[in-house]
Every structure is written in structure tokens, then in C-alpha cells.
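Once you scroll down, you'll see the structures, which are given as C-alpha cells.
Note that chain A is present in both complexes that follow, paired respectively with chain B and with chain C.
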Partner chain A sequence: MTSTLKGITLKGSAEMVAEFFSFGINSILYQRGIYPPESFSRVTHYDMSLQLTTDSKLKNYLSDVVSQLKEWLFECTVQRLVLVITCLETNEVLERWQFDIECDKSAKESSVPREKSLKTIQDEIRSVIRQVTATVTFLPLLETPCAFDLLVYTDKDLVVPEKWEESGPQIISQSEEVPLRSFTTSIHKVSSMVAYKRADSV
Partner chain B sequence: MDLDDDTAVLTTLKSFNSFISQSEPARASILTAGPPTLQGQYKRSLELLEAAEKFESKTRFLQLDQEKKQMELSHKKARVELEKVASDSTRELEHELDRSQELHWRIKRFEESEAEARRNLKEQQDHQRSLKKTLDNLNKRLEEREGRISTANQTISCLQDEIRELKLKLQGMDSTISSQGLEKEELQDKLLLQQRKYQELAQLCQSLQAAQSTCSEHVFKIKELERRLVLQEQDMSIVKTVKSEAAKVPELEKELKRLREENAFLRESRENCSLLKEEAQGLRRKLERADKTKEELLTLELDKEKLVAKLKAWENLGQSTGLSIKSPEDLFREVIQIQQREITLKEQNYALNSRLRGMERSQAELQSEACKQRACTVEEQRRREAQDSLLRRLQRRLLLLTKERDGMRGILESYDSELGATEYTPQLSRRVKEAEDLLQKTQSHNAEMEAQLTKAQEESGTFRLQLHTVEQELEELKRKQATATESRSTVSNEEVSILRQKIEDLEVERQRLEQRNSELEMQLEKGTLQGDFDQAKTKLLHFKMNPTAVAKQERQQEVDSLREEVTRLRELLRSMQESGAPDEGSVLGLSLSLPPSKEVLELRKQMESSELKNQRLKEVFQKKIQEFRTVCYVLTGYQIDITTANQYRLTSVYAEHMEDSLLFKKGSNGSMQLMETEFSKTLGEMVSLHLHHQKSIPAFLSAVTLDLFSKQTMV
Partner chain C sequence: MAHFGYENDIHSILKLDMPITNVPMARWQRKASSSNASSGLSPGKSANVSSTSKTPSKTPGKGKKQTPSKMGGDRFIPVRNSKRMDMASFLLSKENEPDNQTTSSKAMSVILNGYDIDDAKILHLGGKPLNAPEGYQNNLKVLYSQTTTPSSTKKTRYISSTPDKVLDAPEIRNDFYLNLIDWSSRNMLAVALHNNVYLWDANKGDVILLMKLESEEDYICSVSWTKEGNYLAIGTSDCKVQLWDVENQKRLRSMASHTARVTSLCWNDHILSSGSRSGHIHHHDVRLAQHHRFTLTTHSQEVCGLKWSPDGRYLASGGNDNLVCVWPRVSDGGLGNENQPVRCWSEHQGAVKALAWCPWQSNILASGGGTSDRHIRIWNVNSGSCISSIDSQSQVSSLVFAPNYKELVSAHGYAHNNVVVWKYPSFTKVAELSGHGDRVLSVILSPDNSAMATVAGDETIQIWNSFEVDPVKKKAMDRMVKPTTTGLHHSIR
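Now for the complex of A and B:
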């Protein structure tokens, strides 16, 4: 867990948000069945039980992406993170989980920690993840084999790191959008949203 | 010494007293001499005093001499004593020196002894250390020896254990050898059984294959027969239908006739029908035309009524307006008149307007002239005032000058009156000059002040002018505003209406633009929800080796491999089709040429492993058998070979010829019997003795070996 110092610093906030993304992505992959459920193991975090993958390739990929995300969160250059689920047979985008990130850039200049209790942030994160789990009830079933991808919207002038490349937005045609809860660490505000392809148009 | 001093003192005292006593009488004598004068007494006293003083000094001198002598004596004594003391001290010193030397010697001796003692100590310590070392070495050797002894004991125990173990092992080995021998026999029996079974199975297989081929031939025949059956049944059914149809023929002929008659009748009726249809169409068209004409009629009647109403209105117009209008020509005339009137009125209006504007312009010009005139008057007033002020100033100056002149006159008169003794004309003239200078200064000062005054007055005059002009302009503007508001009401009503229309149009456009703006914003929001982004500010990144790309690659590879397999299978099929009619042998061949499935691979692997095991077992068995046979040969002296089933040939080590051998046969009841050989014929005695009488084959064999051995050694 993050440090027990009073107040949230930019570094601590970036770590918390990156941790939330790591757990959130894992729970989405488990809930939507992208990877078989037996490849996940149960862990406890944020006072709730969550699923974490044990597949080594997936773990490596996620750790690479999340560590790069942490850097970008610390520099306040990332605007949005999107998890895109595509059907392998038709190469169509079926679902889009979008997380908008608003960064308070004044925290970069001043190093004074902000007053927000860790417990409230944890409660907010917990409610977001619970809502994600609940959304599975109304999302259409993914019957075909699917794969996922993580897209990051960053500032235009950012230097593209070695293992990354530019890509298209991968928008769903005829989508339904459902906004979800948001949480804020007083430096970073993360608002979530899920967009899925309308069932009648498939 | 003190006594001497005292004696000296006493002696001096005594002498002094004696002198005094001498002097007293002297004095007394002096006294009796008569009453000398004071001076003589004074002189005498002085002389006495001097004498006393001399005496005193002498005494002091003597005292001092004595003291000196005493001192010298004391000095000498002291010196003597000191010398004594010195000699004593020197003696003591010498004593001390001797003692010290002695002590030094002693110290040296002691030091030497100490050094020797230390050396001895060191030697003793070294000796001790060496002794200790030897002790340690001895201890170590002792320990080593003890250790060696213990290790030796341990090794002895170990060796004993090993010996026991080896014995046990030997026993075990013996038992295993025996068991393995038995196993080997069992396995050989099993092998034989397996071989027999294999042969039987092969025969069964062959019979099966033959049966299968006959079966397939039968099946083929059956299929052919079934086909023929089916064909026959079809023929039967056809025949039945044909028969039934043939029965129906006469009825059909009757119906044919009837139908032909009906046909002719229908044709005729058809022609009539077509005629009737044409008539009907013509009638329908007429109907439609009639309907249309009716409608037109209705509309025309309506129009007629409207026109009638209009006509009436037009006719009433004349009555309503009061003019003498009875026909449209009158209306026309009236309209023309009205228009002309309007035209004339408009012309008058325009003329009036132009006159108005001209009047206004002239008014404006007059006003400007009036302003200018006012300005001129004001200027004139100002000039007058200036001139008045000038006048006043000049009058003042005049007054001042007259006063000065009077003053100067008075001064001059005073100076003239004062002129008396002295001539102060130069002074007067000087004073006059000074006065004149003063005057001039004052006058210049005056002039400056007046100039400043005039400037100030001019400035004030100009300001007043400006004020006037500004006030006049204000008044003009007010008047203009008043006139403008009046004129606007007539002239600019049209402008106002035009402007209002423009305003309304602009408002409408604004609302439209606002709606469009809101729509675009909605679309933008929707787009951002869906994932659009501002290309100028953001860019989109993802990991190169992301799971979707990896999954797509794998899928592609799978698809490619499947396609390759499909093409290969198709080629195989084609080749099979080209080679000939499909029969089961080729199907089997197909199955052989297909890629082996997993089960087949596993079975093959199992087979290979079992074959390997078999081979290894065989090798091991052969080795063991060979060993056993050699050991038996060496230990017992006989080489035992199996010639045929249940026949054993024994060849001895000490046999004279290679062919000398004993043949034993195993009977059905399990007993061994000796067979006749050439060698056994030579051993008749031993045979009878050991086999017939003692009934012991081992004894016989050992007798034979002993006999042969003895023969060998003897030879």
C-alpha cells in the first residue's frame, strides 16, 4: 500500500492511480472472460477480494504498461486510458472501457501534500471496481474468442518510448455509452465509462 | 667577641667619664676665673664642645678600631672555623666519594649479576618452552597414534561389517542367480509359447483376411442384387401405372370430344367478350369525362358566384366611395386622377423638403454669421476695455509723472535754497542722475507690469470668447437636436422599420447559429465519449506487442497451417481419384499415408520402448547365461549343452577328445537317464557302480572327472 504519511503527494497519487488501473484491468479481463478463469488467482486489496492473473506473458505486459503509465501520471502528460476488446474472427471492436484522467498541474510546481484521507480514496476506488463488476450484467455476451489492447491518450509533444507506437482510436460503430463512477485523489481525477456495440446492429 | 665589645665600651666609658671629670674641674676652673664676657664664654663653650667632639671622635675611632680588630679576629676565627669545616667537609666529601664509588661498584656488580640472572632466566624459559614444545609434540603424537588406533579400530569394524555384508551379498547373489536361472527357464518357456501363439495368430489373420475378402465380395454381390431388385420394383410400378392408364383411355377419349366442343363454344364467347370489353372501356371513358365535366361545372359555378360577388362589390364601390362610379372605366379614371393628385402632392412635398433644407442651411449659415458677429462684438468690447484700461494707465502715469515733476521741482528748489557755502552742483547733478535712473527703473517696472496686465486681460478676453462660442455651439446643438427629433419622425420612420427588420433577421440567424452550435457541441461530446480526440493536442499510443496483435498473429499462423493442410489433403484426394476406382485397399493405403494421429504416435512410442526393453532383457539374459555356464564349467568341470528338447550333453574339462561327451535325457517323470555314446561305453564300470548301484549321477560324474584328471596328470 502507499505510504502512511499524511497528505497525498504527486508521486503517491500516481502510484495509487497506476495500482487502481492494474487491478481494474485484471478484474475486467476476468469478468469478460478474455482469459480463462482458472488462470486467475484471488487476492485481497482495497478491503475486497479481487482477481489477479497468473499468466506470465500477460503479467509482464501489464507490468510494462503500468510502470510506463506511472511515469506519465507523475509528469501529468497522460489524458486517457482505454481498454479495447476486439473479436478475433471479424476484427471488430466490441467493447471500449475508457478512463479519463484529469491532472492538477499545480501539484507539479508545489510539493506540498494535499489533504485527503487514504480511506476515502480507497472507498471511492472500491465503489468504482464494484460498479465495473456490476456492469457485466447488462453488457452483451462475448461469445467469440476475443483479445484486448490498451490505448493511452497522451499529450502531442510527448516522446514516444521504445516499445510503444501510435495507433488509431479503434472506435465502435453504433455504440451505447454508459458512464460509470469516478474517483479523485485531489491531484488526479479518474472518471470511467464503458461503450459497447449495440446488440441489434451486430 | 661581645665581651670584647663590652670591655671596649666600658673602657671608652671610663675614659669619657675621666675626661668629663677632668673637664669639670676645668670648667669649674673656668668658672672661677671670673665673669668673662659672653663671647669668651661662648668661645670657651665652643672650644669645649669641639674638644668634646674630638674626644668623641677619638673614642669613636678607638671604638671602631677595636671593633675592626674584633671583626678581624672574628673573621680570622671564622675563617679558621670555616677552614676546619671545609677540611671536614672535604674529608666527608672524600668519604662520600669513596662510598659512592663503592656503591657504584656494587651497583655494577649487582647489575652484572642481574643481567646474568636474566640471561639465566631466559635460558630457563627457552628451555621450558622447548620442553613444552617437546611435550606438545609428544602429546600430538600420542593423540595421532590414538586417533590412528581409533581409526584403525573403526576400519577394522567397518571391514568386519563389510565382510559380513559381502557374505550376505554373496548369499543373496547366489540366491538371485538361482532365481534368475529359474526365471530364465520360465521366460524361455514363455517365449516358446508366445511364438506358437504368434504363429497361430498369423494363421488366424490370414484366414481372417481371406474371409474378409470373400465377405467383401459377397457384400458387393449383395449390393448388386439389391440394385437389381430396386430396378425391378420400379419396373413393376411403372407397368402397373401403365396398365391403369391404359384402362382410362376410352373415358379420356370421351372427355376429349366434350372438351373440343366446349373449346369451340368458348372461342366464340371469347370474341363476344372482347367486343363487350371494348364497349365497356369506351363507356368507362365517357363516364370519366362526364365526371370531370361535372367537377369543372361545379368549379365554374363557384367562380361565377365569386365573380358575381366581386362585380357587385365593384358596383357598390361607387356607392360606398361616393364617387360617380358605375363602370370600371370610371374607376380607372378616378384612379388616374388620384394618382395624379398623389404625384402633384409628392412633388410639392419634395419641393417643400428641399426648401426646408435650404432654409435650414441658411439658418445655419446665419447662425454661424451671428456667432462670428458676436465674436467680433466681443472682440470689440474687449478692445474697448483694453483701450479704456490703457487710458486709465496713461492717466495714472500722467499723474505719477506730474507728481514726480513736482517732487523734482521741490527737490531742486530745496537744493537751490540749500546752496550756500559749498557748491554741490556735481553732487546735485549726480543725485539728479541717480534720481533719473531710479525714475527710469520705476518706469520700466511699471511698463512691465502693465504689459503683464494687458496679457492677462487679453487671455481673459480670449477665454471669454471661447466660452461664448462654446455656449453658442451648445445652443445650436440643442436646437439641432430638437429639430432632428422632429424631422426624424417624418423622414426616418422608414429607416427605423428597415433597421428593425434587420435586427429581427439577425436575431433569427443568431438563434439558428446557437442551435447549430449546441448541436455541434453535442456531437463533439458524443464523439469524445465514443473515443474521438483532438488531433492537435493529443496522440494515441499503444504497446507494440499487445495481446490483440499477438492473438491475431497466432490466429493467422493457425489459419495458414490449416490452409496448407487442406491443400495437401485435396491433392491427396485428387491423386487417389486419378489412380483408380476406390476400393478398400486404397482406403487403407490412404489411411497409411495420412499423417499419423496422436494415438498412433503414442502406440509407436510404446512399442519402441517395449522393444528396447526386450532387447535389453535379452542382452542381460545372455550375459548371465554365459556367465553361469562358464562358472558351471569351471566349478563342476562339465560343459552342459542342450542338444534337443530334454537332451543334455556333458563334455568334461579333462576330456581326451573333443567328441567325448555324455548324453543325458530327461524323462517324462522328470528323472535323468544316461544315453549311450561312444564315450559312455568306455565308462561301463563306473556306470554300473554309480548309476545302477548307488543311483547317484553326481557321484558318477565326479568319478568320471577324477578318472580323467588322473589320466591327464599321469600323462
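Now for the complex of A and C:
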């Protein structure tokens, strides 16, 4: 971890959150079965075992998104990250994982590191990821082959980098929403929520 | 989890000891307070207000508010989603405040869109679509469901390692090339013991001596039932094929056309094909006096395996010359080039006596080689290729496909003298049955495919009920057929 042991800097916080997203997205892709489970390998992080994809195209895509996200987190211009799961054939949105990001902009000005122990943050992150895994018990099974997309809600006046395009919010009609745990690095606060299409309304 | 919130709200509203939190002042409250402020002398009004609330409720259990003093309403709305009430009444009450215009519209947009449209831009990384590899179907159901998949339950089916019945077969000729048993569709097992043919009725269990050859030196080389199970063809060492009517126990005809013993026979409706030590295969039309219609001469040595495919289009033959040949069905017109085989495979290194067509997959033929080869090969007759080949480690004397569980059974001689049940097409060994003391010569399935009979050089015939279908399933099937007539008349009042 590049952040100092004593405190959390903006840069360190951005890195931690980006890392959390990388693992979180991989976990969701594994748990929901978007990609075959054989294409994932187990790693240990946050004191727990997590699944990371070994598919190179997917890995590159995710690292592109995450590195861009890290930049935006550092600049405090990103508000939300959404992982949308759509049915491959009908393009209907089946699930929507929403991670709201609140950035304490005052950290941009002062460069004094904040007091929060790394361990606490890791514990919080761990409980969020554990909860994501646990959601599998009540989320409706995804019967059809699915595709996923990552949407980032940024400030309006942000310069859109290359390769990124604007998109709609992809809201689910008639959704059930379940708020999940949140964690904070004292500079960035990430709260999560999953919305899924109500099974009987299909 | 989202629905708990609703329930909690209802519970908190139903508590009579505290005022309702989280809800702004109801209209009647505001009205009451304003009316009280205007004129305190209108108790009637407030009394009216409270009396109207005592209207009987239609849905008592649905969690509607039952506090008459608190709730007076001019209209009965059974369910109020309190969150929306919150925002809606807030916005309604704020409608006359112009400086809050932007915040109210912002609030509206927040409700409608789930986010602040004005302030956020939604981006996603463009480029190639990211889909899972083609053909990948999410099988989380398998990962996370508790029930075992059907294939795993089938693997644990119990196959008894001892035979269910043992019949005595004294004087049976321990000759690899002969085909001495056949099981008819009428559940009669025909066995040739030296120069006798015995019939065993599998239903009743009694044994009949059908026929006996006149001369002691001659012996029976092959037996084959017709599809209907009323006629039995018998091939003998004196080069003749005899046709017997079993019900009347009479010989119908004796057909002579071969120059050597007739070691293999197979029926295809009215055509009887016979293979002999000369390497020739003859087609006989048993309805005609001139029965010998056709000759196939590719084999150079004894034709010990002969099998028509279930659809009757192809005849597979295996010989001591290690060849497996597939012949097309000869039409009754009998054209000239049809004495050439469609396929001729020489991959086996030993005599091919074991031949079996797959009943559930067309054009699939299984063949097994003798002592020097020991391989079981699966062929696709259409493409001509060998689909798979497996080393069974012993001389393969007979093969049969068991459709109940999609398995292939192979009977072996040197050196294991056993019967192996393989799962098809994966070729995993399901069972190895070593009941025989000497090499197993033939294996044949019962007419209902639930049992098999094996005959061996140890002079026994063993019956194995290895392919019995689950009786529970059978019962369920039977129940579906029977109409259910429960006591419906009881419900009529």
C-alpha cells in the first residue's frame, strides 16, 4: 500500500477505492456467473480469498476503467460507479450494482493525511465484499447469457477522455433495491446498493 | 430487505404511544391548527373531522391506520408509501416559495431519475462488447442449488456384481467364433449346446428341447431369432441353415448354400444373412423357394460377426481377417455393384466377432477385436471415421448397447474373462462383472433391455438384471396414464 501508515492521503484513498472496485467488480462477475467460473483464479486480499479474472481481454478492460477511475477519484470528480448486467439477447437490464462515491473535497486543498487506520478501512471493505457475495442468496438467478457494462457518473463539466462515451443511466423498471454496506477512507465514502428486476414482473 | 422498511414504518405508525414520526403534519392537522387559530369556537368542525374517521375499515389486517383521533381524512387511502408522502407533501407545501424553485425541481429530478441529472454525466468505456465466451451459459443453478444433477444420481445406481440367475449349459462348445445364444422378443432364450438347441422361457423358467441334429459329429454354430420371435434360424457345421417354427416345434426349411460352417446369422425382416467360415455372406429371402439371393465375398476368412443396423439400412460384418465391413441393404431388385462394401475398416489387429449398432444414435457402430487386438472401436458409418478407440485389455468376444442408461457392455475372454459395462460415449467404466470362470463367449440383452445374459466356457449362462429402470419412475409414469378420480363429489354442497 502506498499510503502512509499513519494517515490517509487523497492519493492513497483514491488508490484504495480503485482497488476495491477492481476486486468488487471481479467478485460480482464471478458470483453472478457472467463469465465462466473456470476463468477466475483465487487470490488473497483484504485478508480474504477473492476471485480475479484471468481472461486477458476482460483484465485489460477492467484495468483501463479502474485506472481512469483512480484519476477521477484523485480529482474528486466521480460520483458514482454502476455495474449494469443486461440480458445478452434482449438488452434488458437485469441487475444494477450502484456504488455512490462521496468525496471530501477539502482533502484536495490540504495535503495533511487523515487519521484512519488502514486496518479499519480494510475491515470495512471486507464486509462490503462479503455482503456482495452473500447477495447471491436472494438475487434471482440469471437464466440467460448476460453482458455487463460499467457506467461512471462524473461531474458535468468533466473533459471526456478518449475511448469513453456518454451513456444513459440504464435504470431497471420495477426494481427491487437493496442497500448494502458502505465504507469510508475518511476522504472517500463508498456506499453500495444493488437493484434487480423483480422476478415476477418478467 | 427493502420490504422490511415498509413493515417497520407500519409498525411505528400503529404504535399509539408516540406521535407519528417521519411524517409531516397531516392536512387535517394543519387545517385544525389554522381553524383553531382563526376561531376557537368551532368544536363542531373538529368533531366532524374526528367522526368521519370512524368509518368502518374494509381491510382491517392490512395495516391501515386505526387511530381515529390522529387520522381524519376526507378520503380513505389504504396504503401510503410514506416516503413518497414525505417528498410529495414537502413539495406541495413548498409550491408557493419561489426561491426554492431550483431545489424543488432538483428534488423532483432526484426522485425521477435516481440521480442528479444536472450535475452528473454518465460515461462508460466504449469499444468492443464484453461478452462471455460464446456459448457460455450461466450455470449458477448448478453451483448454488442443493439438488444433485440427474447424471450424478445415475452413477450411483447399484449394479449387482453377482448374477441374478445361473443356468446350466453343459457341453457348450467353447469356440470363440460361434454365436450360440439369442434372446427373442417373446422372452425366450435360445441356447445351442453342441448339437442341441434348448429354449428357456424367461417368464416361466421352463426349458424345452427344440431340436437335435441327427449326426453326432455335427454341431450348431449359430442361432438367431426373427424380430417377432416366432421363428428361429439355426446355422450348423454341415453348412446348412435351418428354419424352425418354435410354437409348433417344427422345422420349416433347411437351406443349403454355404460351403463351410455357418457361424453367424442375422435377420432383417424377411432377409436372413448368414456368414460362414468360407468368408462368404449369403442373403436369403426365406419366403422364396430360391432363397439364396445374394453373396458378399469381401472377407477372406471366417465371418464371425454379423449385425444389421436397427433401421435395416446397413449390414456390419466382422471376420477373422480383422476386417470390419459395412454393406448397404440390397434392394429386392439386386443390382450388380451392391456386393461392394460401403466401408471396410482394417484397424483391428484381431478377429472381429463383437459388433453392435447403437440403438439411440444412428450410424454408430461398435466393434471389438480378438486376443491380439483387445480394442473396442466406435465408428461413424456416414463419415467413415473411428470416433473413439479404447483398450479393454482382454479379447473382446461380444458387444451390446444398453439403452436404459446409455451404456455399452463388452464381454471378454482372455485374460480377464469378465463383462464390463461402460458409460457411452465417455467410456468410463460403470461396472466390471467377474461372475464367470472361463472366457465369456457372448452377451445378449433381454427384450425389455433391463437384463443381460452371458454365456461362457465354464458351461454356465448367467442372467444379470443390471439395467433395471427405477421402479419409482415407472410408477410415476403409470400414474400419469391412469386418470385420478378423487372424491370430487364431497365438495359439492
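Criterion: the second predicted complex is superposed on the first by the 198 of 202 C-alpha atoms of A that agree within 3 Å, B and C clash if a C-alpha of one lies under 4 Å from a C-alpha of the other, contacts with A are read in each partner's own complex, and residues count from 1 in each chain.
Note that contacts are C-beta pairs under 8 Å (C-beta built on N, C-alpha and C of every residue); 3 or more make two chains touch, one makes a residue touch a chain.
Please read all numbers here as calculations on a predicted model, not as lab measurements.
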A:140 contacts which: chain B (first), chain C (second), both, neither?
-> neither
For A:37, decide between first (touching chain B), second (touching chain C), both and neither.
-> second
First (chain B), second (chain C), both or neither touched by A:156 = both
Between chain B (first) and chain C (second), which does A:86 come into contact with in this model arrangement: first, second, both, or neither?
-> first
If you stack the two complexes on chain A, which partner ends up touching A:172: first (chain B), second (chain C), both, or neither?
-> first
Chain B and chain C footprints on chain A, overlapping residues | 58, 61, 64-65, 79-80, 88, 145, 147-156, 158, 160, 163-169, 171, 177, 179
Chain A residues touching chain B - in the complex, by the definition given at the top = 58, 61, 64-65, 79-80, 82, 84, 86, 88, 91, 96, 98, 145, 147-156, 158, 160, 163-172, 175, 177, 179, 193, 195
Complex interface listing, chain A residues touching chain C | 32-37, 39, 57-58, 61, 64-65, 68, 79-80, 88, 136, 138, 141-156, 158, 160, 163-169, 171, 176-179
Considering the complex alone, what residue numbers of chain B touch chain A?
-> 526, 529-533, 536-552, 555
In their shared complex, at which residues does chain C touch chain A?
-> 1-2, 113-115, 118-133, 136-141, 143-144
